[in-house]
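Heads up, there are several structures right after this.
Across the two complexes that follow, subunit A remains constant while its partner is subunit B and subsequently subunit C.
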Partner chain A sequence: MNLFLDAWRWLATGSNWTGDGGAATRLVEHLLVSGLVVGIAAIIAVPLGVLVGHTGRGRTAVVLAASAARAVPTLGLLTLVALATGIGLTGPVVALVVLAVPSLLAGAYAGVESVDRVTIDAARAVGMTEAQVVRRVELPLAAPLLVGGLRSATLQVVATSTLAAYTADVGLGRLLFAGLKAREYDVMLASALLVVALALVLEGLLALLQRLVTPRTAAPAEHARPARNAHPSSTVAEKSPTERTS
Partner chain B sequence: MIEFRSVRKEYADGTVAVGDLSLVVPERSTTVLLGSSGCGKTTLLRMVNRMVDPTSGTVLVDGRDVKEQDRVRLRRSIGYVLQAGGLMPHRSVLDNVATVPRLEGATRRAAHARAAELLEVVGLDPALGRRYPGQLSGGQQQRVGVARALGADPDVLLMDEPFGAVDPIVRADLQAELRRLQAELGKTVLFVTHDVDEALRLGDEVVVLRSGGVVAQQGTPAELVAAPADDFVADFLGLRSRQRQLSVREQDGRRLVVDADGRPVGVLEGSLEGSLEGSLEGSLEGSLEGSLEGSLEGEVPGA
Partner chain C sequence: MTPTLRRRLSAALALVPALALASACGGGDGDSDPLSAGGGDGDTIVVGSQDYYSNEIIAEIYAQALEDGGYDVARDFRNGQRETYLPEIEEGNIDLFPEYTGPVLQYWEPDTEARLADDVYAALEEAVPDGLRVLDQSDATDQDAYVVTREFSEEYGVTSAADLADVPVPLTLGANSEAESRPNGPQGLSGTYGVDVDFAPIEDGGGPLTVQALKDDDIQIAIIYTATPSIAQEDLVVLDDPEGLFLASNVVPLASDNVDDEAAAIINEVNAKLTADGLRELNVQSVEDQSPASTIAKEWLEEQGLV
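Now for the complex of A and B:
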C-alpha cells in the first residue's frame, strides 16, 4: 500500500515530469514508438489480409504464419535482432512488428471474409471492378473487424513497448529499468501505471473509432410519432399491383 | 437478342455444367430456362454477362461476342437480378438502386432522382429509398433488386430465380408485376427458374433443360403442354400428374375445371356469366327488387 502511495507521490511531483528523460518525454516516446510499430505492421498486414480475404487464396498459409508469429517470444526475438543490428531501436521495432502483425492480419482477412458472398457476387455482377468491390463493399463491411484487429494490436504493442528500453534509450520502459537497477520501486510502479493508463486511453479511443466505422444498416428513426402509431415497419407502403394499374 | 452457339462449360474436376448447347433468345420477350437444380441453367445465364466464361463456344448479345467485350462495361449494360436480392446492406435503398448510374459517372443528385423514379416503376413508395435493405420485407427487397437492374436502362435483363425466396402469395404478386413491367418496357428477359408454374406463367418461350445443360425442348408454354417432346419433358412439366389432368364438371349451373382427384382448380370462362344471368332471371329478380325497395324506403325519411 505504501508503495502505491510512493508511486502516486512520484507521479504528483512536477519535477519528475520535466526535463530530459522526464516522464512526459518518456510518455511521448512510448506513444511514438507504439505508433510507428502499429503503422509498419498495418502497412504489411492490412493489404495482405484484405487480399487473402478478397481472393480466398493463401488463407491456410496466412493462418499458419500468423499463429506461428503469435508463438514467437518477443523478448527472445528482440535479443536476436539486437545482436545482429546492435544497440538502437531496430531490434525492438522488428520484434514488436512481429507481435502486432497477427492481430491486424486476422482482423483484416476475417473482416473481408465475413462479408456475405452473395453481396459481393451481386456487386461484381452489376459491373463493379475488383477495386470497386474491395473499396465500396468489402472494406466498409469489414471495417468493424478490421479496427478490432487494430485495437488488440495497439493494446499489445503499448504494453510491450517497454521492451524498447532494453536496447534503446526510449519509452516508459526506461523508467522501469532505471527503477529496477536503483531499487526505486516507486519509480517502477509509477511508470507501469503510466503504461496502463496509456493503454486504457488508446483502447477507449479505438473502441470509439470502431463504433464510428460500423456501417449503418438501418435508417435513423423518423421524427417521433405519437405512441399509438409507433409501428414504423407497418407504415411501409408496398403498393399492390391493383393500386398501380388504377 | 442473345445467342448461345454450341457453348460448353466444363469445370476443372470434370463436371460438365453445360454440354454443347445452342439457343436463341428472341428480342423483347421473356425466355425462361426451366430445369431442376444442377441442370446448368444458372451457369448459362451467367455466361451472358461473363460471370462465367464458357470452356468453348460463343455467346452473342445483339450480335456481338461477349468475350470481346470488357467484362465491367458488359455487366453494367445488362440488368441482373438474383435470388437473395444481393443488395448492399450498408447502403440505403436509393443508393443501391443508383449503383450503376453512379458507377457510370452520373452525379449523386441525378442518380438519386432516377432511382426514385425506378422505385415507382417497380411499385415501391419512393419514401422507402431512405431505408436500408435490412429494413424491407423479402418481396420489397426483390423489387429493389429489379429496380437496381433497370438502373442503366439495359436492353437485356437476367433474372436468376428472383422470386425463389419469397412466400407464394408475394411471389404471385411479383410475377404479375413483372408481366406488367415487361408489357411496358419490352426488355429481352432471360429468366431462370425450377418452378414449372412460374415458367408457364411468365415465359413467352420456355426452354426445358435436362441435367448436364442439354436442351430437352424449346417452345411456347402452350406448345410444351400440347406436345411435350418426350417423357422427360412430360414428367418435368408434370403433365401426367393428377393435378394437371383436368376435366370439366357441372356444379350449381357452373362448369368447374377439376383435376384427376376431382379437386376444383377453376371455373371455365363463360360459364360464370351464364350462371349469373340465369340466377338473375330467376331468384335474384324477385329478391333484388324486394330489397331495393325495402332499403330505399327505409333510407329516404332519414335523408
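Now for the complex of A and C:
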C-alpha cells in the first residue's frame, strides 16, 4: 500500500507534470500514438470488414488471418519491424496496428453480417443500390458492433502503447521503463495508473458512443414507448457486441 | 474434488521441508562427510558460477585448469543472484567463484567511491571478508561501456570517450531509458568529457535494436555490455572511459583459503590470458554455436596452451 501512496504523491506533485518529459506531455503523446494506431487500423480493417460482411465472401480467410494476427506477440513484432526500419515510431506503430486490426475487423464484419437479410432485401426492393444498402442500411445497423470493435481495439492499444517507448522517446511507457530500470517504483506505478485512467476514460466515452449509435429497434414499440423506456432495449444490444468481439 | 485437492496440496506442502533439508545437506556434505565430493573439505575445490552463460564458461575454465593441475574439483554452477551465492561463499561452501570487481565491491561496500579498475581492485582486496581473498584481476571486463562503430571510430579518430568532444557532427546516445538520469548518461558525458549528446531510448539493453540503430547511424554512441558477442560480430569499438563514468567490472576470481598457493597460481595464469576480446570470443561461441561451457572451456585452454 505504501507504494500506492508513493505513486499518488508522485502524481500529486505538480513539477512531475510539467516540462519536456513531464507526465502531461507523456499523456498527450500516449493519446496521440494510440489515436494514430487505431486510426490506421480502422482505415485498414473497417472497409475490409464491411466488404466481407456485405458480400459474405472471404469470410474464412479473414477470420483465420485475424485470429493469427491476435496470436502475434507485439513486442516480438515490434523488434522485428524496428530492426528493418530503424528505431523510432515505425516499429511500435506497425506492431500496434497489427494488435488493433483483429478487433476492428471482427466488429465490422460481424456487425454487417448480423443485419437481418429481410431488411436488406427490403432495401433492395425499394430500389437502393448496393452502395446505398451499405451506407444507409447496413452501416447504421452494424454501428453498435462496429463501435464495440473500436472499443476493444482502443482498450488494447492504449494499454499496449507503452511499448512505443521501447524504441522511441514517446508516451507513458517512457516513465514506466525508466521507473522499472532505475527501481523508482513510484514513477512506474504512477505511469501505469495514468495508463489505466486513460484507458478507463476512453472506454467510458466509447461506451457512451456505442449507446448513442445503437438504433432504437424493438418492432412493436411505436405505441409502447413508456415500456421501452423502462427496459431500454439498447442495453441488450450493447452487451452482445463486446462479447462477440472480444 | 476438494478433499482430493486438499490432500494433494498437503502432500506437496509436506515435501517442502524435506526438500529444504535435502538441499541443506547437499550444500554442507563436505563438513559432515569427508568422503563426499560435495563440500568444502581440504582435498576438493568447489568451483561455483552465476546463472549467466558467460560466467559459467569462466568457471568451467577454472575448473578444468585445476583438474589439469591434479586437483579434485566439484562444480556448483548456475547459482542465482549475488545475494544468494555470496553467503554460500562466505560460509565456505564454495571455494572459487569468478566474480566482477565493481559489483562485488559494491556488495560489500555499498558506499565505495572507487570507479576505475585499479582503484576498485585495491578497494576490493581490503573489502573481502576473512577467509576469502581475490586473486589477480583479469583484463577481461563485463560492464557497460560506450560503444561506436568501427567506421565512426576511424573517421573521427575516436577511441576514448574523451575524444568524442572533438567530433564535429551532432551525436545521439542510445541506451535504456534509465541511462538518461544516470551519471553515465548525457549529463555525465557533458559534465565529465564535455560531450553534448541527444538521447534516444532503446529498451533492449544493448541488444539487436541498439546495434542496428548504431549501424543505421540513428545513434552514434550506444551503451552496451563489453562482453556482448555483437561487439565482435558487428566489429564495434568499445571506447575507453578514463574518468570512470562506468564502474569497472573486471573478471576476478574470489577464492577461499581452501585454494592453496599452487592452485591460485594456476588460476592467475589462466586469468592473465583471458582478455576482453578473448572473453567476447568465448561468448560468441556460446551464443552462435550453442556449444556447452565445458567444450568451449576445453578448446580455449588447449588453444592457449594452458593444459
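Assorted remarks:
Definition applied: the second predicted complex is superposed on the first by the 217 of 246 C-alpha atoms of A that agree within 3 Å, B and C clash if a C-alpha of one lies under 4 Å from a C-alpha of the other, contacts with A are read in each partner's own complex, and residues count from 1 in each chain.
The definition used in the following text is that contacts are C-beta pairs under 8 Å (C-beta built on N, C-alpha and C of every residue); 3 or more make two chains touch, one makes a residue touch a chain.
Not measured: the values here are computed from a predicted model.
In the superposed model, A:178 lies in contact with subunit C only, and not with subunit B.
In the superposition on chain A, contact is made by A:121 with subunit B only, not with subunit C.
Once the two complexes are overlaid on the shared chain, A:87 sits against subunit C while remaining clear of subunit B. In the superposition on chain A, A:204 makes contact with neither subunit B nor subunit C. In the superposition on chain A, A:216 makes contact with subunit B only, while subunit C stays out of contact range.
Looking at the shared chain after the overlay, A:137 reaches subunit B, while subunit C stays out of its contact range.
Of the two partner chains, neither subunit B nor subunit C is touched by A:19. Contacts of A:169 after superposition: subunit C is touched, whereas subunit B is not reached. More residues of subunit A lie in touch with B than with the remaining chain of the pair subunit B and subunit C. Here subunit B touches subunit A in the complex through residues 46, 49, 51, 72-77, 80, 82, 84-90, 92, 99-100, 103, 123-125, 127-128, 130-137, 139-140, 143, 148-149, 151, 173, 176-177, 180, going by the rule given at the top.
Those residues of subunit A that touch subunit B in the complex are listed here as 116, 118-119, 121-129, 132, 136-137, 140-141, 215-219, 233, 236-241, 244-245.
Here subunit A touches subunit C in the complex through residues 79, 82-83, 86-88, 165-169, 174, 177-178, 181-182, going by the rule given at the top. Across the complex, subunit A is touched by residues 174, 176-178, 180-182, 199-204, 208-209, 212-213, 216, 218-219 of subunit C.
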